[in-house]
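Common to both upcoming complexes is subunit A, partnered first by subunit B, then by subunit C.
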Partner chain A sequence: MENKDFDFQDNISKALANAQLRRNLKFAMGSMIQKRKALFSDPEELEKLRNMGSAIRRRALSRLPELLEQLEKKCTENGIQVHWAETAEEANAIVLSVMQKHNAKRMIKGKSMVSEEMHLNRFLLDRGFHVMETDLGEYIIQLAGEKPSHIIAPAIHKNRDEVGRLFHEKIPDTPYTEVVEELNAIARKTLREEFYKGEVGLSGVNMAVAETGTLCLVENEGNGRMCTTVPPVHIAVMGLEKVVEKLADVPPLLRLLTGSATGQLISTYFNMITSPRKKEEKDGPKEVHLLLLDNGRSAILADPQLRQTLQCIRCGACLNHCPVYTRIGGHAYGFVYTGPIGAVLTPQMEGLKKAGDLVTASSLCNACEEVCPVKIPLPEIIRRLRNENYDEKGLASGHGCGKTLAETLVWKGWELVNRHPGLNALGTKMAGIFGPLLPETGPLKAWTSVRSKPQFARKSLHERVKEEGVDHE
Partner chain B sequence: MNNAARERIFARLRQAVRQGAVSVPKPESLTIPQWNQKEKVEKLKKHMEAVRAEVHVVPSANWTETLKEIVRKRNLSTLLYAPETEIGNALQSAWNTDNSGLPALCVYEGEIEGFKEKLFGMDAAVTSTLGGIAETGALILRPDEKEPRLMSLVPPVHIAVLEAGKIYSTFAEAMEKGAWAKGMPTNALLISGPSKTADIELVLAFGIHGPKELIVLVLE
Partner chain C sequence: MKKNYPEKPDAVYFFGTCLMDMICPEAGIAAIRLIQREGVRVIFPSEQSCCGQPAYNSGFPEEAKAVARKQIEIFSKDLPIVVPSGSCAGMMKHHYPKLFAHDPDAARVQQFSDKIYELTEFLVHVLHIQLEDKGKPLTVTWHSSCHAAREMRVIADSKSLIRQLKNVRLKELENEHECCGFGGTFSVKQPEISAAMVRDKIADIQQTGAARVLGGDCGCLMNITGAMEHQQIRIQGQHIAEFIWERINGE
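== the complex of A and B ==
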């Protein structure tokens, strides 16, 4: 991911100062929490479902190599062409080669977080291709030149006035309106044209079934079905962890996904694709390509605790319930995946050196873990990665990157003082005398900018016990 | 295909999967509720109406009359249908008896490449369904050469015919009873309502890219 000047603190300050953003987020996240709660009204049933969802994902990950081989075999038998990419660059090159093979200039895209991870739009636009996002939220942010701020609702940070102004400015002959239905109608009209003309359709994959070689897509708008049915070529891009063992695994995951994401019993469409257009069939793509992307995932699999990150089904519930995300929004996170899941996934994919700051974006309130449909212990992984930032014997890429000489010395000093009673007594005495004199600048500045300065007691507890004794019943 | 990348990925995965081995719990599976046909029809209707599908429960003997009323009311001029199917034949004979004020019956001619312009201009399409799902409210479709995939997507009105006896309690039951694992078609679909979006301020609005209206005729 291109993100060289990622300054999390600066992003956070800017987001917190943006009153409009905070109003938009507060309303939207509150509403999404309510919808989920209304749908999962029976806690026992929900718990049963979550146990199933978690087990299905854990089982799939524990057999990942064989399931991927089976998926590849089944897809190939069904006529789907399977590609493997280790990195985003390789994945982009594969997409490019398919476009070139068909002499295609126009791509229509259904919503795909993996394509965001690849920065595919920029890659193809730079090479002169016409690339169009067709999910309404994605379309809005493409027009605005932004990145998605939420996994499920990518334009959730914008309100209707902002969308109205954007459409008015960017779509020719479009008068300003702030009526949502009218805005939707404008998008429908503009994008129908794109569906009609699209030469290659690209989509993500919500889950792929190894047993039958079936790609499953969940959506409400119908743009995903358009992209995977109208153009003669369909490219599906998928993180390699998204495979499940069998069809019977699909219904519980679907219930969990739509319920957790949008509080729906089921989405408008559940689209199961198993092969390209067969002889005699009249529509559907003549070629279907499945692109499986690693991009750091296989390394995450190697640690039993960190592996649980890969159970994620991308519902976004942890974002909606996170006290940090709901105040700063997705853009502040600086990378494609945001919120609690982004805070654990991104540092593992990009390395702690680049993205290790993200794990600070948590109050460890545990809300994310409580709502996670597949029971990922997000706070536990956040704490683990916080430690790894300073742990030279860690496992995650870039572990120990936060360690500095000054900090090492401070802790060594701490250790020394606490081992020797004399030094300890001297230290607490000094703290009592000099502590109140510490200036609110230098090392204390970051702390005191939002908190009051620590108050040191004049006398240490040891001294008081010596003088006053201990009251005992 | 980049075989070197594939080999490297698999080498890493095989090692990682051994290294990070975890226990996999075996939870109890979800029970399939035993609802009778009447209950299943009611549930499907309730759930689908909640997401703005229009559901009519009609006697199977004269469903084409209900269909005629529906299309007349909407002043449609074209209706895409699949000839040589059970419902296609029924439609044809119903139209032959009396087609006043009714849309012209149109056929999906040849492959999409040659039919695209006409398809994008159609007012409505009528399709069969493989069944329904009571628990969540959804139709099951398995488009084929007679009823291509885009019939249920491109025209602004989609009319679906569902036999009440083919409503399953849950999606899992439909898969199990239909032996889906033995072989999947090119495309299988669940459809629960007209296309919708809530991407602007979470305001729910119907009719974005797919059909603006979904009309279900449940034949009893």
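== the complex of A and C ==
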């Protein structure tokens, strides 16, 4: 990926210093939280649904290789051309070959995080193609030259004034407005032209049904339907974990996805694509391609604990509820996937050496785990990856890269003190006596930048219980 | 989730937690007195130290396990173990079984974990404590620790104790569900994010107009009161056990 200069701490400092960003995020996340809460008003029913969703995803992952084969077979029978890509480079090359085969110069895109993983826009633009994002949020950030800051709401970090200024600057003959309806109308008018001219339409896939070879696409703007029906060629790109066994798995997952993401009972559009245009049909693409991307997923699948990361249905609820994401926003995470799911997925895809710092961005408050519709134990995976950062015998790519003598000694020392009562008593006593004299460096400096120094009690609880005559066997 | 509570026992163990040991021992004494007041003998094994959570959350599970094993050895009798912290209780109740999942001692560890109770749930559901408020009228607010809320699920119990105190008005926070930014080593590994979180928490506390913020975890309280002191805000932070003991004794 492009992130050779990823400096998480620098990103965090800049994000925290941006007061406008903080206000935008606080408002947007607060409203997403409220909407979800209003829809899932019955905790017992929600729990049942989450158990069902989790079971569907676990079952699918446990049979992933055979389900993918079944999906390929069914899709092929239905006339969908299936391609496999191990890496983003291979995936880009496949998209390029389809474009070239049709002599196509113009691509219109529905929202797809996998295409972000591929850095497809950059790849095609560099080769002289015209690529247009048609999801409103994606369109906004494409104009701004930015990356998505949120899985489902890519421009959530911007408010309407900022969007108004952007449209005014980037779209010819557009006066400034901050009226939402007017902004929508400007985008609609500009994008309508693009839909007419698009030669290839690209979309993501929210889930693919192995039993029937059906590609499901969730969206709210109708742009997804335009991209998958108007141009003569449709390319669907999908991470290979997104397959489910059967059609009956779709309704509970859809309910969980839209409810967790936007608090909607169902999205405005739900597309189920099973074949290209048939002979007697009047519309739809003449060719449909399904591109299945691995990009590190099969390595994640191999570990039973880490595998749970792949249960994700990309609803973004963990981002919305994360106190860290709400304060630093998506761009600080430096890679495609942000928030708690990004903090666990990115280090596994990119390696700990490059992205291992991301797992420090959690107070382990468990808010993400509490709302995850498919019950991914995010805090548990964060702990695991923190361990992998130090563990030279670990399994994740780049394991052991964070190991330092100082930190290892600190925790070895901590263990020793807490296993030996004499040492522990001595340490506690010393803290009480010498605590006020501690120099403000290292961790203590970090602590005291916004807090007064911890006041150690002169007498520990151990000493006090003896004084009070509590049984202290 | 329905929880099962035992009958009132003759004796309990008290696990004081490492932070309470060093930072707020008087809250520990108050908690012990509250249990003793109900006619239950309290045993404080003097070899106890820490639940192991700091290492566990920082990515050092083996070190955490060694310390956890020591606690399990020390608290060997079949007695309830009362813990004045939702976070440490959550570690011992919910994370020890995971930490020892593939260990020969797994069954013994599960027995230990089954005996863990957070202080306020124990006062409410096992001791059925009745409180008579002898203090002056006071407005307080309440900070929920994340693990008391999401792992031990005892916030309703903690608040029910405060509501028994007739001269105390509980004004709740707007964003009670949100973490205060402590997170153990998170506060020193990501000090800027942690600082932003605790600042917002303090602003929320201030808007309640309460004179005091109560909590059930010394870690959160150390973070919040430390930051309030730094900002020279005169709101007192206090552990719920110490607060209750003061109120029922008119101190």
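Here are a few things to note about the model shown:
Following the convention adopted for this analysis, the second predicted complex is superposed on the first by the 404 of 473 C-alpha atoms of A that agree within 3 Å, B and C clash if a C-alpha of one lies under 4 Å from a C-alpha of the other, contacts with A are read in each partner's own complex, and residues count from 1 in each chain.
As a working rule, a residue touches a chain if its C-beta (ideal position, glycine included) is under 8 Å from a C-beta of that chain, and two chains touch if they have at least 3 such contacts.
None of these values were measured; they are calculated from a predicted model.
In the superposition on chain A, contact of A:R327 is made with subunit C only, not with subunit B. Look at A:P276: by the touch rule set out above, it reaches subunit B but stays clear of subunit C. In the superposed model, A:T212 makes contact with subunit B only, not with subunit C. Once chain A of one complex is fitted onto chain A of the other, the partner contacts of A:N159 are limited to subunit B, with no touch recorded for subunit C. In the overlay built on the shared chain, the residue A:S452 is in contact with subunit C alone; subunit B does not reach it. In the overlay built on the shared chain, the residue A:T174 is in contact with neither subunit B nor subunit C.
In the superposed three-chain model, the partner touching more residues of subunit A is B, compared with the other of subunit B and subunit C.
In the three-chain superposition model, subunit A touches subunit B and subunit C at no common residue. Residues of subunit A that touch subunit B in their complex: 24, 27-28, 31-32, 48-49, 51-52, 54-55, 58-59, 61-65, 68-69, 81-86, 90, 94, 134-137, 140, 153-156, 158-160, 163, 180-181, 183-184, 187-188, 191-192, 195-196, 211-214, 220-223, 225-226, 229-230, 232, 240, 246-248, 250-252, 254-255, 262, 264-278, 280-284, 292, 294, 298-299, 301-304, 306-307. By the touch rule above, subunit C contacts subunit A in their complex via residues 14, 16, 18, 20-26, 28-29, 32, 41-47, 49-50, 52, 54-61, 63, 66-67, 70, 98, 146-147, 150-151, 177-179, 181-199, 222-223, 226-227, 229-230. Taken together, the subunit B residues at the contact with subunit A in this complex read 1-2, 5-6, 8-10, 12-17, 19-22, 24-30, 47, 51, 108, 110-113, 115-116, 120, 133, 135-138, 144-145, 148-150, 153, 170-172, 175-176, 180-181, 183-203, 205, 207-211.
Remark: subunit A residues 9, 12-13, 16, 22, 323-324, 327-328, 360-367, 369-370, 380, 383, 385-391, 411-412, 414-415, 417-419, 421, 424, 428, 431-432, 443, 446-457, 459-466, 468, 470-473 touch subunit C in the complex.
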